[in-house]
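What follows is chain A paired twice: with chain B in the first complex and chain C in the second.
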Partner chain A sequence: MPITTTRRRLLAGSAAALALPAFARAQGAVKPRLTAISQWSAGSDGAAITALGKKFEEKGGVWQHSPVPGFTTEMMNKLRAQIIAGDPPACSQLKGPEIAAWSKIAPTVDLDAVVAAAGYEKVVAPDLAKLHKPGGKWIALPLQIYSTNMLFLSRRAMDKAKADKVPVTWADFNDLAEKMKASGVTFPVANGGTRADDGQKFEASLAGISPTAYRAAIMNLDKKALEGPEIKAAFAQVRKITNWMDPNVGAQPYATNLKRFVDGDMGMMIMGGWAQGVLRNAGFKFDDFMIAPGPSDNGKPVFLLNADAFIFWQRKEPDLQAGQALMAQLVMDPAIQTMYSQITGSIPVRTDVDLSGEGWSDGQRRTAAALKDAVANNQAVLSLAHNMAQENGLTAAMIDVFTEYVKNKTITPDQAVTRLAEAVEGAR
Partner chain B sequence: MTDVVSTASRPGRRATSDVVRRLPEYLMIWVPLLLSAAHLISFSLWTIWISFTPSTLIPVSGWVGLRNYNSVLASRNWQIAFDNLLLFGSAFVLLSLIAGLLLAILLDQRIRGENVLRSIFLYPLAVSFVVTGTVWSWLLNPGIGIQKLVHDLGWTSFRFDWLIDRDMAIWTIVIAAIWQSSGFAMALFLAGLRSVDGDIIKAAQIDGAGPVRTYWRVILPTLWPITITVVVVQLQFAISAFDLVRALTNGGPGIATQLPALVVYDLMFQRGQLGRGAAAAVLMLLILLAVLLPYAAWRYVQRRQATHA
Partner chain C sequence: MRDRSFVPSRILIYLSVSLIAVAYLAPLVVVVLNSLRTNEEIAQGSMIGWPQHLAWSNYAKAWSGFCVAETCAGIRPYMLNSALVTIPATIFSTLLGAVAGYAVSLWRFRGDNWIYGIVTLGLFLPQQMRLLPWTIVLRDTGLINTLTGLVLIHTIQGLSFTTLFCRNYYIAIPHELIRAARIDGAGFFRIFWRIILPLSAPILIVTVIWQFTHIWNEFLYGVTFTTGQQQPVTAALIALSAAIADIPQHGVQSAAVIIAALPTLLIYLLGGRYFVRGLTAGAVK
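And then the complex of A and B:
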């Protein structure tokens, strides 16, 4: 008997799967269950997704999250194996253009109806929304947002340089760095030596010089823009930055140098908003540093978007389908986004969440305000260094150029422009 | 016991029962051998096939000819990796050979505490390459390692920053690899030294040869088969080196210390370009074959000479 029921349910589920209202029907009939994989296993990321799982269970669901710790690559290898085996998870972490790339290798769930019902599209930055509906239909949902070009200022280094003005443009930034250098801050720019780090230096420079050029060259790979004067200017700015950095970092992560940054031995750090959480977890106080949007030559904030997301894979089991519907509702819910971002230090995807209340930091408020301004001025662009602007193959080819340029000071900006254009050509 | 007697008396049944008796041995040797050979060959063939397909995130069928090979060969990453392999391979093999031989000769002087020293020199082999790479990345980091130590001791103009110097960084991998595997060369050479016939050495001494001359003219020439073995083993390590580099420099500074195995991994798993990654893997296989085929041919000639003699 139990076997027949399951089979009947399965049949009903698969027939209904073609139409979206199946979600609602399935939800009523079975206990929602969600199989999910992500790389979030420890720290604030692990805590946040565990909290999300609790909410899922509170709503009567069965939460089956299998974290794959380590690099995103490992998570992707697991996902690839499951897809090839014909057993994808009901939802998995995936971000940026990889959503479009992966959606071609296995069927995904059409989320248009749930998204429309929640009125979600109005409150998501347009460029971000586009990434999650590659074929014109929503198949993935963004979870939280970081900006990769926040400017962190060491309070002690600022005191040393007797400076109190937060730099707005790259010229301000360069002046302040010189001032810090002259007043005994050993390295005016705090840095790590990872590939993403080197990539962030470039994207922050270019987007700050001209978000329009960034969009054309990096996001749309326009050949003329790739060889344009803004790219050369960005490489020249990166060269200035590298001259203020500690060359002894090898391939260490930026976090290794946080103490020197707080101590005022290093002055400014261009890093994603997640550094705030890392600084706080390392025991530093909000008084030790300041956070502002990264330098922007037109004075209005430029926001380099980095967003984590969940993609939903098609499953025939009605309980998994019900789980997907429940998960989608939760991820879009402002209260859930608030809970999630308050744990990780990111900002909510929804631009209509009020961050003035308890539980938000100044850094998060400033980031959210910057996003709103940037969206209003069409200056919110997608981060290349964190795999939001291009697929991984192209991203890696471009970052090869940036990381070589950062590490090799004999490469001139002109040579770098040529190499970047060649790398893009070679990887396409 | 009775079984042996009865089979001995009947030669016809002896052969079959011999097979039965030795069945466990055959199973032990042939099943794993065939399985691993099938594994190796089937996956190699599969990789070769993938290298001619337009596969990206997952394997797909299709035919793109040599496109993947052309794009890998034209990429800066591969060119740098190949140059590095030539430099790293030759420097590492040569230096680890010299270091291993020197250690073996020194240990061969019937000194006290030989066992302890031998264990110490062999010990790095027991450490995984990831650990070796990580530890050396700290030692060689100018900000926290050897350079800092010497600075703190008072010699402030001392510079040892190869790890962050893109021209010298490849040598840090050579250093760590030699530290790890010269013990292996030492062990093989020591065994070789010990198997030299004592009479020959005595004869050399009676003829009036000093210790240096004895080693150079009498003992070392007997070691060359071992030398070739060491060279081949070390070369194939050099060609497939991955974990050491990943932990020590991760291909950096920039992409200055790329090696072929890193390029393969990067293409396949980080850039999602299975076809190109497979092409790079096949190129690596070709390099390996360039080393192993002459070695196999040499072994074959050796054996024929031995049987004819």
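And then the complex of A and C:
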């Protein structure tokens, strides 16, 4: 059949171009289809990606999402298996520096044209944008943002301490903790015992003390900065925090202690913005707690970025390519980002989305405002504890040091600085 | 007639055994209790506590309600997938292991110990190390993302264990028995079928229990080499528990864990008394 052959040839030609006009042509001719893998399978994460899939189908696409339950390792095993089998997904969830690392394993799609057409680059935090264009070309798109250093204050603990001012600097934080301790709050700092939890304590401390030192030491692994006075000060702050925590948490997630936090048995919690959704899902009210940006010694908000993203893998099939183009457009769309963040409790990647309307919580508005301020003051940095600052191996080596430091109070800040520098040296 | 002097030591033994049993069963008790508590109750109270109202709905939700991404069918379809992998893989690996164990123990040939050694070496290779080779095998056979692929993996990996145990069991069988049968004209498979297999019940029960439990509980291959609706039950359980941005669903999780553990529990209850007997029988040599 000559007609089919011509059409196919046309599609193949447009596929090879891999640019926006080609995408559009392919889209017109075939039904866009998307194979995607992610680790989002349950809870609000699962609900959000399902909603995204529905939007994809509304636009006439075929949505084929296979969740890989578990943690990042499982998903990476699956991704590796699919790549080796010559059948990579059209797009998959991946984040942080792993995007650059994985892009060397298999060919990715050049999204520059689509991104330029959407004018997306202007509305994304610069450090975040850099992660998604290793080698200068956009190959992945961020989807949603969390801050890992939001400060949650228990209303009852505040009442006990007769405090009403939200701490701005670490000195304020320490004063408030002492006050809480003196007025009968058993543990002024609420905590869990997971590795990420321990890592967050350190990154919040260092970034709050000096975002510049954080960028140099943690993100750029500058040797001098790694042994600098700010690192020691951060470890000293973490030690204060650990003395206010409940040591008997084992490896429980922070969520296990939410009831004690709300009751005022624990006072303050340094946690990602997602904790707000968790508190609400557990049946607690907005009146039970307050949310503010994490302590920052220069008074301006510091934002530790954690962002989820999709990476796009090269496929030859025209319908998959059309699906990739459609998916890219959807992920960058302010309406879609709004829908997604309202389900998960994150904030949109785009800094130009208006959060004043209905459907947004006060915590989300504060987080978004903090991001805007932080970007303006160059104080938005990448979270280490949530795999945004370094590749997996280095992150693991550094978090080993933090976890041990949090759990073993005989280690001094001086020793910890040496250990951290050694861990970095060893893992490089 | 029991000697009276035994009584104090008996009491001591029972006391310590009971204490150990309590320590071992405590986590199970927590899981059973939590499977009957609502999530709100657990989140607002403590992980450990009596149910205020019996929330049987947790079981309904675990069995056929909760969602894994776009599919809200509970644990049920994944239980079926696990059964479709576990049952054939257990049968194949047990039978093949029995034949292999029989061959290396009773039909001595040049290099038999080497072959036995190489086969059992598989026990010492970590799972992660075998992941890539299996990926390549499944790619080349076209079995990636199929349950058949998983059956193949578990059958072959299971051979290391089943061969080891059957060989150690069969080596206690007198060679005269085999020689007599050969004089009567019986061949390799006839001897296996008529003489060896009827003697094998204890060891086969051990391997069946072992294989069934391991394959049923296996997660890494199950999640890497299947996709979407074909995933095994372990993947569904993790899906239920790994959401970082959510309050842990302890109630439904507990119920799902109990349901998912039932098949292995059943196998133990049916064959458990042979288990230790078979293990020690194999260990005599």
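Operating definition for what follows: the second predicted complex is superposed on the first by the 409 of 428 C-alpha atoms of A that agree within 3 Å, B and C clash if a C-alpha of one lies under 4 Å from a C-alpha of the other, contacts with A are read in each partner's own complex, and residues count from 1 in each chain.
What we mean here is this: contacts are C-beta pairs under 8 Å (C-beta built on N, C-alpha and C of every residue); 3 or more make two chains touch, one makes a residue touch a chain.
Bear in mind the structure is a predicted one, so any value in this text is a computation, not a measurement.
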item: Clash-or-fit label for the pair chain B, chain C on chain A; value: clash
item: First (chain B), second (chain C), both or neither touched by A:Glu391; value: first
item: Partner chain in contact with A:Asp297 - chain B first, chain C second, else both or neither; value: neither
item: Chain B versus chain C as contact partner of A:Gly193, first or second or both or neither; value: first
item: Between chain B and chain C, more extensive residue contact with chain A; value: C
item: First, second, both or neither for A:Asp373, with chain B first and chain C second; value: neither
item: Which of chain B and chain C A:Glu121 touches, first, second, both or neither; value: neither
item: Touching partner for A:Ala101 - first (chain B), second (chain C), both, neither; value: first
item: First, second, both or neither for A:Ile84, with chain B first and chain C second; value: both
item: Clash with chain B, by chain C stretch, listed 5-13, 185-193 or 239-247; value: 185-193
item: Interface residues of chain A shared between complexes with chain B and chain C; value: 77, 80, 84
item: Touch list for chain A against partner chain B, complex; value: 73, 76-77, 80, 83-84, 98, 101-102, 105, 193, 246-252, 391-393, 396-397, 400, 403-408, 419, 423, 426
item: In the complex, chain A residues that touch chain C; value: 39-47, 49-50, 53, 63-71, 74, 77-78, 80-81, 84-87, 253, 255-256, 258-259, 274, 277-278, 281-284, 344-345
item: Residue numbers on chain C that touch chain A, as the complex places them; value: 39-40, 43-47, 66-70, 131-132, 135-136, 138-139, 144, 219-220, 223-225, 227-228, 231, 235-249
item: Residues of chain B touching chain A in the complex; value: 56-58, 71, 74-77, 137, 141-143, 161, 163-164, 166, 249-250, 252-256, 266, 269-273
